[in-house]
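One chain, chain A, links the two complexes that follow: it is found with chain B in the first and with chain C in the second.
== the complex of A and B ==
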């Protein structure tokens, strides 16, 4: 019915062009009418790469100005690999006159490679080579557009700028070479040139952050930056050497770092001793590693719980780096007072709101970069208390992108007010209103006479059941619960108080009770791109049994919890809880068979917190975008994952 | 007992006159008059509502016209007859007309989908600033007219796409009388393909009889089966071709009663099930099981009187889940069932 449909009808119907394809120039009404339309129209040369779903709508406007702009300093900028090395060497030549004369061929080649690829990126809006770096070049183009005189500088400096992130504890294999080469480059530049370079870098970084570079990159950037600012230039040699040394070490860990660039921080692999030590040095919480860890799960962090809390509580008044609100929230996570994806996310965001309110920019620093660094330090503290959930990760990414988008011209109070209202709007739109929409959709699936089963305690499912009851639907609820958390008990208490008729059972009895059930409602911590539902441990069992009984399984999850990663099993990414909670049964002191389990070498206790439910078992996912099949999660991520940038 | 007007109309199209059909059409005619009367009593505005439904029914009676097209033509008539002076007013009128159409026959999915599509188009393009009201109005009317062409072209596109899947010597099982599937087979016959069609009787509409008639006219070898003989003959079948009353968000289809059965049998015997449906039939429904849809009842004439104590299952349609469907042939191309949601998200969000 749309105009885009009619334009598609004239194309050969045997070929269905999905996503981006070349089409006729946009008629005026189309650009105005349809937000998704620009996605379909802009021509992209290598749009077939799956990583190209990055901010497609941002590509059309910058393309043309940058194209014409790039033509100024360099000759054929749109020409790709074959001619670019030559163009880059020429323009590189004029820059590097006063630069290291001793640039050996490998650095030049690497720089050319970096340069060529960045030119390619600016020209073609294709994804980064190798590193899988998530900064779309089209966004960089606007940053280089205003600084037309600095285009040369910015383009050259982008790879080293980005490898600055690598300069810290994180490095990317491809960029590690560049780092090595750019370090000697920087030492020889004059002060004015350095300032110019930094300005361009700042602009590039701002644009890069608009795409939400992950925590490690920014943390490392913050570290590298602070390291640089403290060291005067004579010490550049040392820093370069240190960096080079860490690069060498980074060489064999480069694959992991590579992965780390693509992957949010919580998935850092904890069986890597050096990285873990580095992390521990920086952290406020000083956890001790648990004993008797299961071999298969060595890549996940596991610390002694419970011993930390008194120590940390006493440290409350000695904080200098952490805002007390953030500290409080961290402790609440550690003790388990706040649990559940939405609750944790909201608590964290509100703590950040307070921190931002009390924040003041130190002199000689820009608000956006300093605040981002501060937020990153808060986030690493929270991670030490308890690994981030996907909802929190997405919220942090949103916050950082909003910080990055603050124009430099804005005053501090205005910027802080903007951020405050942005966070407020995020909480409101993505969580509170989203839950209302989910409830509205879900109650249409509840009929009179239904027997609904739910597992654990999900805030969304609880709201649905309460609302359906208010609407007067006749149904009863079966609550399935499991050790050690017994979250279902709280849900049971609340529902019974509202007057619903409930049945309570343990997960051992799931196949016994399933034949009575008509629908299963489950919550989720996150839904991944292949439709896998990542949720409290035990959810997969419930879904599987329901599937075996041909009972529809409905997963209720807000769209901000969707993530573009893919997980095939519950092992590669999970969270380990406290093993002592398995060995003891509260209220039953006579069950003491596992006392002293840690002394036995042959016995390891495993307390997993999450598990992954395959998409085959899920019939329907209810989100604030409506009811979608599990196969459509990547569609939502693609269309609306970047949508938060346009709030 | 309520009756689905949609399925009644289809029966009328099929032209298979049965005694119960006569009785029901009588009843329906009186009902329409009564509803019309009630709506006149409502007030001035409802005069329009009456004409929308009337208009729609006029269009709907044409056998070759799709439901959605009839709906959109009716809405175009609303625009033509409207006295609104601003876009906002016109939109509100259209919304009212669309709602009344949808509520008049809640069982027709393509009607709902067609109305929604048109309303979506209207709301999306109504905010254009460079247009004055009259040009906007004529644009909408023209768009509505064009929709009819699009729908007709859609059938041709679908027929073209499916030609590759019909090979010489194949046996196709067809259920119910779908105009799109008819187009597919017609084009295959015109392309001189050698194939054989098995068509089910399609009780209670007995639409299969009409289909067999049409195919025989095209000199295509046709074999009629009773509905129960599907599993018996599934061995010699190479593919199953069905149309759809609606394609739902999960990728499944809602179609005439019996489609689910055939899809199940075909799936268990590894025969592909192909669905031919135009893209305007995509609806934002998501049935979880057979009973999750609104009921669409169509009384069944058994030929002998049934004692009153005996209940009869009179639902006219069933829902086939996406795992039993192989491919969907639409005017957007050849799609897998999971793409339907993709399209719907892009269209409606």
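== the complex of A and C ==
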């Protein structure tokens, strides 16, 4: 007991008090008891002392012109004497401190926010035509009434074409139907109107080109194009007619705005009914919304889980444009066969690899444009199956930038080979090598006699434990698990098979088991730029309990999972799982108190997938660029994130 | 999606012998005045499958089926008809067309399947698990009439059911054991190794093989090549694959899943990350062996797709099934028929003529150009095209095909009357099948006889 105490005193993680000090200063005696110097340095000092060979990467100080400006208004509120600017680490900490405090808009935060706001504007803009469609039903009605009378005539005229359409995908069917209805309209559109349509289309294309693939929201445009371009040729003129018809209905609303909405915005608000309706129309999976949703989480997508899989399965042959490998991955996401950030990302990239291998550029198109559109359509399919993780989002961004960079002069086979090797390289460097580096760093933190606690099943943590075991370190592992996924069981099975000594418990017992633990290793789905760790639900609880017991919390996360977003809670962005999985207890049929719960009006089940751990509770983030305090995440994002990803 | 679809339309089945003939092979038997094959083709067309291979046994039958398909599906489907000799069995039929199969997977559908289960569901389950074979199974249909007469009900109880024994793992995704009806008398043998690997097996007798399979093409071809004694997919190939799933003898060329991902170190890591992320099925655990290092045993997966009870799924493989399907397609499963039902829940073609005081009840169908005399009554029956029915005729629970002439005062119950038959006046038929070829019937018949 004593020895543990002493060891704890050394590695007591005080880093995260930074956040507390600005908002609510702690009692002065406590701050004085801690020497001011190691406030930010303990993990770093700790890192440098045992790991001589692997000194953590020194991160250059931020070079913002406004840096000094920022520090000035801030320093009086800071409880500490201003840290000496000579050491890079302290200046680092200070800088990110500014970000977290966000009392004045620092440049990094402003940048983040600027992007966010621009995205928001897009969302707002895209919501306008939604209103436009609803306003003039009077316009719509006359156009459809006489047309319905004409439909029968055209059916007789065009039997083969119609049967072709009927066999086609559902959406096509609807469109052709509409096209038939609007056929008489086509003649009526005046020259000026047609010109307006053309202009709008051109503008949309130009916008797509200009914005490229910077933000996921813009992929909507590309996707819209792909939807148009991938249609079989007989429908082409029909679709043009549809555009004309919608143009007519929507008055002057340009087509581009309509197209923008093709892919759901990553942070779409699912409690906006009209927008959800529109989304549903486009969606491949055709989800049915769950009825009893928790009030606070209405903005997140939640569907009846039982219905999605059969619908997707039955559409097997209708998704012609989809590559089989992509379809399979989507199916595996939906059914939960693949989960975990790294695995999902690798599976997706490998599917894209196969899709690119089988890809051939259609005539009169360039590879970079058409392939980007294709990838976008795959991505929107994958989103339908399960929301993207941050890791996948970053990987997609990388892939698209690679596609965009391919010179036009390159032949198709060369371009495909380049892309193939690019993806291979991404997997190797950003995931596998990164994991190896993380393992190397993290192993230095494991000493003989340690009791390590981990939560859930993280691939990085598993590798660390196995490697430490192979090095002959003597330690014990506590695996904390939770319902309903019981991912820890699989990890436990593999570790025990390797001969590690393990303890398995559920998260309910966390406060009991934490007494004997000396270190907590956690995985993460993503690390956000304010140091928040976004991870499997329950992680925050584990980290907070460990914090209460003064046990260091080490988060292992590859740098490609870092994101510049700032998130303060786990409500605004999260994922909802299948509520049935928490109402049912596997193996205990007799526990059926919640059977038929969805029929009761006043009962809602909440199955959150992720939660956000505030940076205060994290001592150290181990990443492929070294071991960093959570306050240094924005530096990694700024210095390495974009630059590295886009090379 | 890299799938090829093969429809096994069969030839002139022996089990349906009074109904089928040279002119009317099994695939063209009318169900609600449409050939039974059209139900399969339409279901496939609905799933956007445009390229099909239809395999027909016998040259005559192939000619009939091919002619009908080209007339009915011109511009809609791209169908190739392959002729195989009679009595080669389903496996033999596939062997004969093996050189036409090129895609990664093959979907094999029986031509006599009347179902609204989307074929995509089977293929998706197949792809999801990278299976070697995926079979669709459905619950055994309730045979006989739902509101059966007394004699019919007794008959059914005597009839021995065609039992299938199907063993599945607890998640109901993998097929562990399958035995078809003929083997029921013997004791069922279950592989111990499979049972040990899975730990728990659900054995069901209320399910049956619906004869829709998704095969991995290379595996199927290899099995067909190696085991040239195999005649039937259902009785030989499928049980063989299921039996040998834990000690796979087939060389899966191109080795699916991780096999090829183990060439160098980095690929191995990514493979391991992928493998660790998913819950391993018992196949993988078994393949790993006791120490859990590298896979030591070769396995393959046999998956199963269970059609939900709300779906209709029946095979037309007996006369009773023929009656049942005809009844259901215009009755409870009427969405399959593709017709619009009238307010009285029946279909009467506008050109059909009804005499005075003639009633056509619900769940009935009256084909084009049929004429009925006065005071007739039709209940739960299908009447084909251009039939001439005299006055005072009762048709209950029956199927009357095209161009049938029925004299006055006849009473027909639970019978099938084939095309061009002629019934004289005052004939009473009960549970009979009347052959075509202008047979003239004078007598009253009952019980299970056919002419």
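We take it that the second predicted complex is superposed on the first by the 377 of 647 C-alpha atoms of A that agree within 3 Å, B and C clash if a C-alpha of one lies under 4 Å from a C-alpha of the other, contacts with A are read in each partner's own complex, and residues count from 1 in each chain.
Just so we're on the same page, a contact is a pair of C-beta atoms (placed from the backbone, for glycine too) under 8 Å apart; a residue touches a chain by one contact, two chains touch by 3 or more.
All figures in this text were calculated on a predicted structure; none of them were measured in a lab.
Shared-chain residue A:602: touches no atom of chain B or chain C.
When the two complexes are overlaid on their common chain A, residue A:343 makes contact with chain C while staying clear of chain B. When the shared chain is aligned, chain C comes close enough to touch A:431, but chain B does not. Of the two partner chains placed by superposition, only chain C is touched by A:332; chain B is not. In the superposed model, A:490 lies in contact with chain C only, and not with chain B. Here chain B and chain C are compared by how many residues of chain A each touches, and C touches more.
According to the touch criterion, chain A has no shared surface contacted by chain B in one complex and chain C in the other. For chain A in complex with chain B, the residues that touch the partner chain are 1-2, 5-6, 8-9, 13-16, 28-29, 32-34, 36, 445, 519, 552, 554, 619-620, 625-629, 631-632, 635-636, 639-640. Considering their complex, residues 117-118, 120-121, 124-125, 127-128, 130, 146-147, 150, 153, 157, 160-161, 249-251, 279-280, 284, 286, 288-289, 292, 322, 331-335, 338, 341-342, 345-349 of chain B touch chain A. Only residues 159-160, 163-164, 167-169, 310, 312-320, 322, 324, 327-328, 331-332, 335, 337-340, 342-344, 346-347, 350, 427-428, 431-433, 435, 457, 459, 462, 490-491, 494, 497 of chain A touch chain C when the two sit together in their complex. The touching residues of chain C, when paired with chain A in their complex, are 1-3, 45-50, 75-76, 104, 118-121, 123-125, 127-128, 266, 269-270, 273-274, 276-280, 291-292, 308.
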